[in-house]
Amino acid sequence: MIEISGLSKTFTLHNQGGAAIRVMQGAELSVAPGECVALTGASGSGKSTLMRMIYGNYLAEAGRIRVGDTDVARAAPREIIALRRETLGYVSQFLRVVPRVPTLEVVAEPLRATGVSAEAAREKAAALLEMLNIPQTLWQLSPTTFSGGEQQRVNIARGFAFAYPALLLDEPTASLDATNRAVVLELIEAAKARGAAIVGIFHDAEARARVADREVDVTGFTPGCAA
Amino acid sequence: MTQDAYNFAYLDEETKRMVRRAILKALAVPGYQVPFASREMPMPYGWGTGGVQVSAAVMTPEDRFKVIDQGADDTTNAVSIRKFFERTAGVATTTRTEEASVIQTRHRIPETPLREGQILVYQVPIPEPLRFLEPRESETRKMHALQEYGLMHVKLYEDISRHGHIATAYAYPVKVEGRYVMDPSPIPKFDNPKLGRSAAIQLFGAGREQRIYALPPFSAAESLDFEDHPFDPSKADHPCALCGSEDSYLDEVITDDAGGRIFVCSDTDYCETRQARGYRGKDAA
Amino acid sequence: MTETLTQTAPGRAAPPAPAAPLLSVRDLGKSYGAHIGCAGVGFDLYPGEVMGIVGESGSGKSTLLSCLAGQLAPDRGEVVFDTREDGPRDILTMSEPERRMLSRTDWAFVHQHARDGLRMGVSAGGNVGERLMAVGARHYGEIRATAADWLGRVEIDTTRIDDRPGTFSGGMQQRLQIARNLVTGPRLVFMDEPTGGLDVSVQARLLDLLRGLVRDLGLSVVIVTHDLAVVRLLADRLMVMKLGHVVEQGLTDQVLDDPQHAYTQLLVSSVLQV
């Protein structure tokens, strides 16, 4: 489902004397449907960079990033948008939404984008919020005012609202209590069971051990840091 | 100064030719406002300088001339203009609609149906029907050229939303021959049905604004409206107190300090002709 | 640099974009004497896409928008719009009546200042109804019902339908302008700093409204702004302009989070974080 080969990346800082910082070289990764691969490596080794490149958020310098039928490294913006809408989900650590939009709508939005009716989308969103123990009294409020843990759960609900064939998870269990952590792990396992290909970053070693089928140490793709 | 000091009908021949060219163009493009080089006339703007120039341009020595102001032949404006042409053109004048060959009017169409060969000249203060909502002349001309007339209906929409009905009671816009939207000058909307399919030539002159436009005989002039708020040429719901006419446009006249009032025909010639034929209203002498 | 990652740009209910672009721009250029307004601009905009154009004052983004919207004649280039009747047509070679017809049916233009886009002497209902009447609506009751429906959709109390825009707040005026523009179901909307003059609290509401309308109506939008937060929330794609030239374009979050050009890097790093 996700095939990466020969991927490299350099940041050129034009406003800091044109410094070129090579952060990735020769990255390879392959994730099959139903498989969960955990990215490992020390902080700064490029886990997030790789994940952002898969999502199309960072521009690839060379190489291929095949997700489904799309090569993210070469795709036009609208192809990446279609990919994000239909194929590739992403649970980031941070929630960025328009202020004042109710939580229920924030979670329902990915479904609405795929053409699901407003009512059905809200139903699904409500089920997820309930599962993640977001009190119903908060559903009509904007998540911008929520605590970090609540925001993280809203973000997870949003990421799991639509059954994406491929999923990127950036620290999905960080700042969660045991109960909610268990719910998230169940969601991940359910996604795997339905055939989703998952790439995740888990600092939570126990969680990683439970859901990840394999680990890939990105240090091997980092120039100058090769193990 | 004597009468001989003037060229026939005051304007010099070249000026009349210029005005006639504008009139011919206006007749060729019904409802279209033709610019013309309006002259200074020996009367103030607002007193019919546009109408006077058009009348002067179409007048021949054989014509019989009538002037009405709000339907009346005997108001200051009407008397002045009639005298102006008596003196400068020496034409015969009349107050009888049927007898006149050229009728200059301010704010009315005579009740007596006009016939072929007659010319009705309107005095026009503001020729641009779109100006109410679009003050830019450059833009309104473009809107006419491209037939962008949605704005006219916005004006009518505003009327209905504010008053529950189309409250525009005079200068009610018409669409001419399905093409140009035209301001018929401040005639009451009661007169609008007489604009269309008239046997007479109808010419409109705006002196200050330097525009001439026209309705050739028998051309269509459709009053704008909405499907669910159709055009309604209503008038005061009374018979004329003097001649008893049920279907002429009426003026309300205050008769005393106690609030007494009567409704009488605004068209004095029509009213007098009826009375001469023996028709009587309730307050007739 | 920002360490946060964006959510996807607002998606739309529309299925994956069909093959033909709605708007196709090639080598568009406009000079004011020796001064370059914009030069060598080219892009394809597909149905349902929202494209942001950012750059500082004088970067040529407003000139470009005016050229695209047929309000300013460029010196060279093509602006091909996929018309409903005749397929792709270069709007620059269209007759003025055709272009004006487009601009009040299939196109919409939302001005920065609502006053430029509204008739201040006409009621809210009349403002919304004007475009309907311009394309031949002649039933007062239906026009009014449609206007009321649209006021509701832009969250203006329908009891205000007979009030003039002068009695509205800035945010309401802007929403009224949007209703007035969208009532004829346009496919392409040009927006010039639509949140520009508004309070921050009002901006969020307007952005949310725009997002919903864009998604529900499948609108294509070209939005000019200098506010990077606005494009991040509204635009799928981004074009960065400097001195009349496009220096970078791409997916909005990619351009903002991984800018390639020196100018874009400067622009992004100059935004105050809160």
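For clarity, chains are labelled A, B and C in written order, and residue numbers in each chain start from 1.
Keep in mind that, in the parts below, contacts are C-beta pairs under 8 Å (C-beta built on N, C-alpha and C of every residue); 3 or more make two chains touch, one makes a residue touch a chain.
Since we're looking at a predicted model, the values are computed, not measured.
The leading chain pair by number of C-beta pairs in contact is A-C. Taking the mean of each chain's C-alpha atoms, the chain closest to the overall C-alpha centroid is C. Each chain gets a centre from the mean of its Cα atoms; for chain B and chain C, those two points are 47 Å apart. Centroids built from CA atoms put chain B at 76 Å from chain A. Between chain A and chain C, the centres computed from C-alpha atoms are 31 Å apart. Residue positions of chain B in touch with at least two other chains are not found. Residues of chain C in contact with at least two other chains: none.
Touching chain A in their complex are the following residues of chain C: 3-17, 46, 49, 204-205, 207-208, 211, 215, 232-233, 236-237, 250-254, 257-258, 260-262, 265-266, 269. Within the complex formed with chain C, the residues of chain B that make contact are 133, 142, 146, 148-151, 153-154, 157-158, 160-162, 225-229. Residue ranges on chain C touching chain B, taken from their complex, read 96-97, 100, 104, 119, 121-123, 125-126, 129-135, 138-141, 143-144, 161-162.
By the touch rule above, chain A contacts chain C in their complex via residues 11-15, 52, 55-59, 77-78, 80-82, 84-86, 90, 92-101, 109-110, 112-115, 158, 170.
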